[in-house]
Amino acid sequence: MNKLTSFIQNQRQNKPLLLMTHVVYGYPTIEKSLEIMQLMLDNGVEILEVQFPFSDPVADGPTITNACHHALEQNPKLTQCLQDIKKLARQYPQSRVLLMSYLNPLLQPGFTSLAQQMGEDISGIIIPDLSIDHHAMLDPLSNSGIAPIWLITPDMKADRIRKVTEQAQGMLYCVSRSGVTGQKSTDQLSTNQLSTAPKASALENMQGYLNNVRQFTSLPLAVGFGINTAEDISALKGHADVAIVGSAFLNAFNKGGLEAVARKLSELQA
Amino acid sequence: MNDEGRFGQYGGSYIPEILYSSQQQLLKAYRDAMNDAAFIQLVKSEMQTFSGRPTPLTYCANLTKMLGGAQIYLKREDLNHSGAHKMNNVIGQGLLAKRMGKTRIIAETGAGQHGVASAIVAARLGLECTVYMGAHDIERQYPNVFWMKQLGATVVPVTTGAATLKDALDEALRDWSSSYEDTYYLIGTSCGCAPYPEMVAGFQSVIGEEVKEQSTQQFGKYPDRIYACVGGGSNACGIFLPFVGSDAELIGVEAGGRSDAPGDHAMRFHTDQARFGIAQGFATKFLQDEEGQLQPTHSISAGLDYVGVSPILADLEEQGKVRMTSASDIEVMEAFKLLTRHEGVIPALESAHAVAGGLREAAGMSPDQHIVISISGRGDKDIFNIAKALDDEPFTEFLQTYLKEESV
Amino acid sequence: MNDEGRFGQYGGSYIPEILYSSQQQLLKAYRDAMNDAAFIQLVKSEMQTFSGRPTPLTYCANLTKMLGGAQIYLKREDLNHSGAHKMNNVIGQGLLAKRMGKTRIIAETGAGQHGVASAIVAARLGLECTVYMGAHDIERQYPNVFWMKQLGATVVPVTTGAATLKDALDEALRDWSSSYEDTYYLIGTSCGCAPYPEMVAGFQSVIGEEVKEQSTQQFGKYPDRIYACVGGGSNACGIFLPFVGSDAELIGVEAGGRSDAPGDHAMRFHTDQARFGIAQGFATKFLQDEEGQLQPTHSISAGLDYVGVSPILADLEEQGKVRMTSASDIEVMEAFKLLTRHEGVIPALESAHAVAGGLREAAGMSPDQHIVISISGRGDKDIFNIAKALDDEPFTEFLQTYLKEESV
Amino acid sequence: MNKLTSFIQNQRQNKPLLLMTHVVYGYPTIEKSLEIMQLMLDNGVEILEVQFPFSDPVADGPTITNACHHALEQNPKLTQCLQDIKKLARQYPQSRVLLMSYLNPLLQPGFTSLAQQMGEDISGIIIPDLSIDHHAMLDPLSNSGIAPIWLITPDMKADRIRKVTEQAQGMLYCVSRSGVTGQKSTDQLSTNQLSTAPKASALENMQGYLNNVRQFTSLPLAVGFGINTAEDISALKGHADVAIVGSAFLNAFNKGGLEAVARKLSELQA
């Protein structure tokens, strides 16, 4: 079993839901972003997702996109980023660190070199512009035990879900119907297929989606629905293994710095 | 193109999973439509009765005489409705969107030409239309925005990144990710994930098909060389593709801009910053730094400063079937003036790149050779840029007076 | 037309004696040319390979459905090179000037469209070009002046009188009086002394000839009604004349302007100020006061505010073969918006008069009837007027920013 | 013989060249224009040409055109103009008064009414936008003894000159090659067919032109060549009967008012 999978399963023994938080490397500065990560890890976040910024993050919403563009002004280097977060991963062995980025920055070293650079310390990788059809590109990573974390979406057909679950390692990243990060879950749902559904049935719908995915796989399910509040999180309990919170922290940071991040953390962990 | 939409090492589909099914739906609908003679006929008919095709092949007696080399012809895409070749593509895709039962189209635009063309087709077909445009481009190209609004389109300013085309494209992809059920994403050039490069090039190929017929009719053979400016690459693909495999030499002209320095041009060939990359849904040559970050671009013409290029052209160039060259901002203004003054054709600044490329080489050719230059669009739209480049004082005074009267 | 260039009581030649021999020379050259099949072929070929003819006949599905009356079609002169029907005429006369061995053309222009078209043809044919334009018009229509200059033409501001079209015409006549040996006077509409009305209408008749063919092909018969705006009357003559004697009803639409008061409109029919007169070389209906002084005019569209009208139309109206109506500035803006938003065709404000006339009547007709509206030109050129009429603030801001950057 | 013809021939008995001067009715005001006319007649000008202004004087150059446009702001009426100048004509029986205008203002009363209104006192009429081909339109005038004064131009062919002289009454108005009034004769000539000719041969050319016309007719020849100076006038002596001066007086008036007109008069009459 993949190390990330067993980590999550272990943690889940006594926690109904793990928290996976997201930080953009280099935003607002490299140092500050490392401080944010440290704060999260200090507060016991189980999984940290570090996004190495790319100039054209097509799968991200405005909050993360803006953070990426700002971060790029710091001239971040992927190699340095990996060194920095590997160090963190080693400092916080009770948590796991994942790398998230887009294809083009990752292509520069190439996946063989990337696997080497990520080594033992980075547990998985998320590449939102790479679909399951290209899974072979990531063989160097999975061969090194680094889990390529594939995305699941609500309107995936059964055979496509099967195609993903056949390849999947570590966990699955189940996203909301809205393509980009940082959208309010209920807003998003209501402007889409569930347009007339009240909030309650939107939730039901989301739970149905996760239950459906569950039929295809025993891997842990991580869910990113634009989760913002403790209420959002409690709705996931019993349906998912990991709640992914991204833009909410960025928004908090933008409003109130590290302290606001800490407050948001304790709110969500309550 | 093989099944994955690859052209050699370029092309393909690198899109968020959320777009998978809508892309599959598009692929299928596109293949179906291409196998439906009635649809092909509908596209053809709309190109004719709405956009005025065929566009003529115009002989340039004066420039030919002045240069004393090859016989110079222009393929007049400037005479299309909306004033550019962009119309060919939006007609094809607009009808496809309609066929797919979509009620809304979205588009990204840089200079605004594709935005206007999309808004036109949306008005024509009764579709809603949202156009993403970099806030910076909106400022520079407001007249086009004005027309989009008059045509009933919603223009959404994109403020992320450099707030230009690249960012508008990202934003359009994001919209599509959450709206694909009723929304068709109408890409404006031969880029993006499959099937867009093939599809756009296909709808644009009417240009080259017409040149085949017209050149045979007007001078008894295919042209010896064909020149087209290359932004995303759609007008170049359109005029080139029907000639691949023939004896015609195909020359793409990129925006040489101010210099070879990063950010000063949009040369996706023959510069250090131009390397293989994967972004915005597909693999091609992108202008990028060592970290793989896409680079800012510059050109005197707003329509050529795209950071990537059609995967079809990247592949053809690699195979030696297309030759890529460039023209600097200064050369482009010279070419613009020559064509305007000596032939009475006012080219778009984009197209003036092709003119620069063609005139540069025509002189060294022999009078029994024939070249065709793609005039992808007309220059009226560029009055603000051209007046500035030429330092035309009365234009400034005109604007000042206009504003004064405005405020009365 | 009889030998003296008369159309009923209108037309004729009332020119200073100094112009007699040049007019005779023109008359003879014109008759010769019209009898020369090679010349006719040359004009046809240049209209095709340079200006992109034939222009299409475009069906308006949306407006037809909205109004629920007659089937609505547009004749798309906006797709001509230079963006208006003016091109047809300058091609014909330009080639005639060349055939006559002239090395220079002069033209008068109001809105500047004919000036641009003349400058284009002069560049194309290697002729010198001087354009007379009212100083007031130059101020209002500077973008067109800018293009004339780029095309190599000399634009002479006329400061006499109201400094508008009428005065430019006087000045062009004066130039011709002293330059006719090497100079061809290229009149832009179906007015002036013989043979201009007949000649311009003749070169423009390609419009109606095409409509005959296209309507037969597209809906199996001639249109029931045809609408055209009437400034000098050239696009109206062009689309009407081939149908005189057929069952098609022909409707000219004049500039109703702000009101019926003198100086507020350009209605040469159905107003008190519109009476028989002789001026500017010919007899027609002129807007004039009791003393026979020609009156100022107004229209939202710069191209319709001419004080006289084609003698051909004056005569056809008198014979009941053409019906004249008008559209006010306000109706015109409404029609402009309707066509733009629902069909994706941006008409010139001149042409929007014809649209207003046509849409007003279409609703009351039956679905088995067909109307054709002459879209004499495209609306891009009118952006300054339209933005002002619509009070578009961002356009103002765009200009302010542009000027600020200018001054850096 | 037409009364105007006999007047000129009588005057010519003891004068080598008569002077015909031009005034725009209503410029700068109606009163002032009448004062200018009076001044000229007081100074013995033999023929006075009064131009009733028209909005579109296509045969006039910039000076006269501008004067006409200004005059129109005074709202001049043709009927009043005729009354005013008939009065002058009666006051100065030793001179002759001619009406000049364009067709359209004259069409308003029509030529029958016009003939009545002009009566005995106005000796002739000049209509620059009416060519000999339309001479029949003026029959009501010539029937009343009012001379329609036709224009002769330098490049007229013999048969055209003959056509004019067959109809001509009163005198002939020989204009320079330049179509519009108020152009410097030599400038004009030199920019046209005589482009390389020095002033002397331009003069010769002009004299040749007049001698040619003379072969067709015995009517007096009045000449308008943009005459500005005493020199211009003396060059005409022996070749023409009347020198027509128009713009030169307008220019003088514009510079120095009535006094300048008087000075110009005495300069030309010297």
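Just so it is clear, A, B, C and D label the chains in written order, and each chain counts residues from 1 on its own.
Just so we're on the same page, contacts are C-beta pairs under 8 Å (C-beta built on N, C-alpha and C of every residue); 3 or more make two chains touch, one makes a residue touch a chain.
Given the structure is predicted, the values throughout are model-derived calculations rather than measurements.
Centroid to centroid, with C-alpha atoms defining each point, chain A and chain C lie 65 Å apart.
Separating the CA-averaged centres of chain C and chain D is a span of 37 Å.
Centre-to-centre separation between chain A and chain D, using Cα means, comes to 97 Å. Annotation for chain B: no residues touch 2 or more other chains.
Viewed as a network of touching protein chains, the structure reduces to a simple linear path.
Of all possible chain pairs, those that touch are A-B, B-C, C-D.
On the chain B side of its complex with chain A, the touching residues are 4, 13-21, 160-161, 166-167, 169-170, 173-174, 176-179, 181, 276-281, 286, 288, 290-294.
Against chain B, the residues of chain C that register as touching in their complex are 48-52, 55-59, 62, 76, 78-81, 83, 119-124, 126, 139, 142-143, 145-147, 149-152, 218, 337, 340-346, 380-381, 383-384, 386-388, 390, 392, 394-403, 405-406. The part of chain A that touches chain B in the complex is made up of residues 54-62, 65-66, 69, 72, 76-78, 102-108, 128-134, 150-153, 155-157, 160, 175, 177-180, 183, 188, 191-193.
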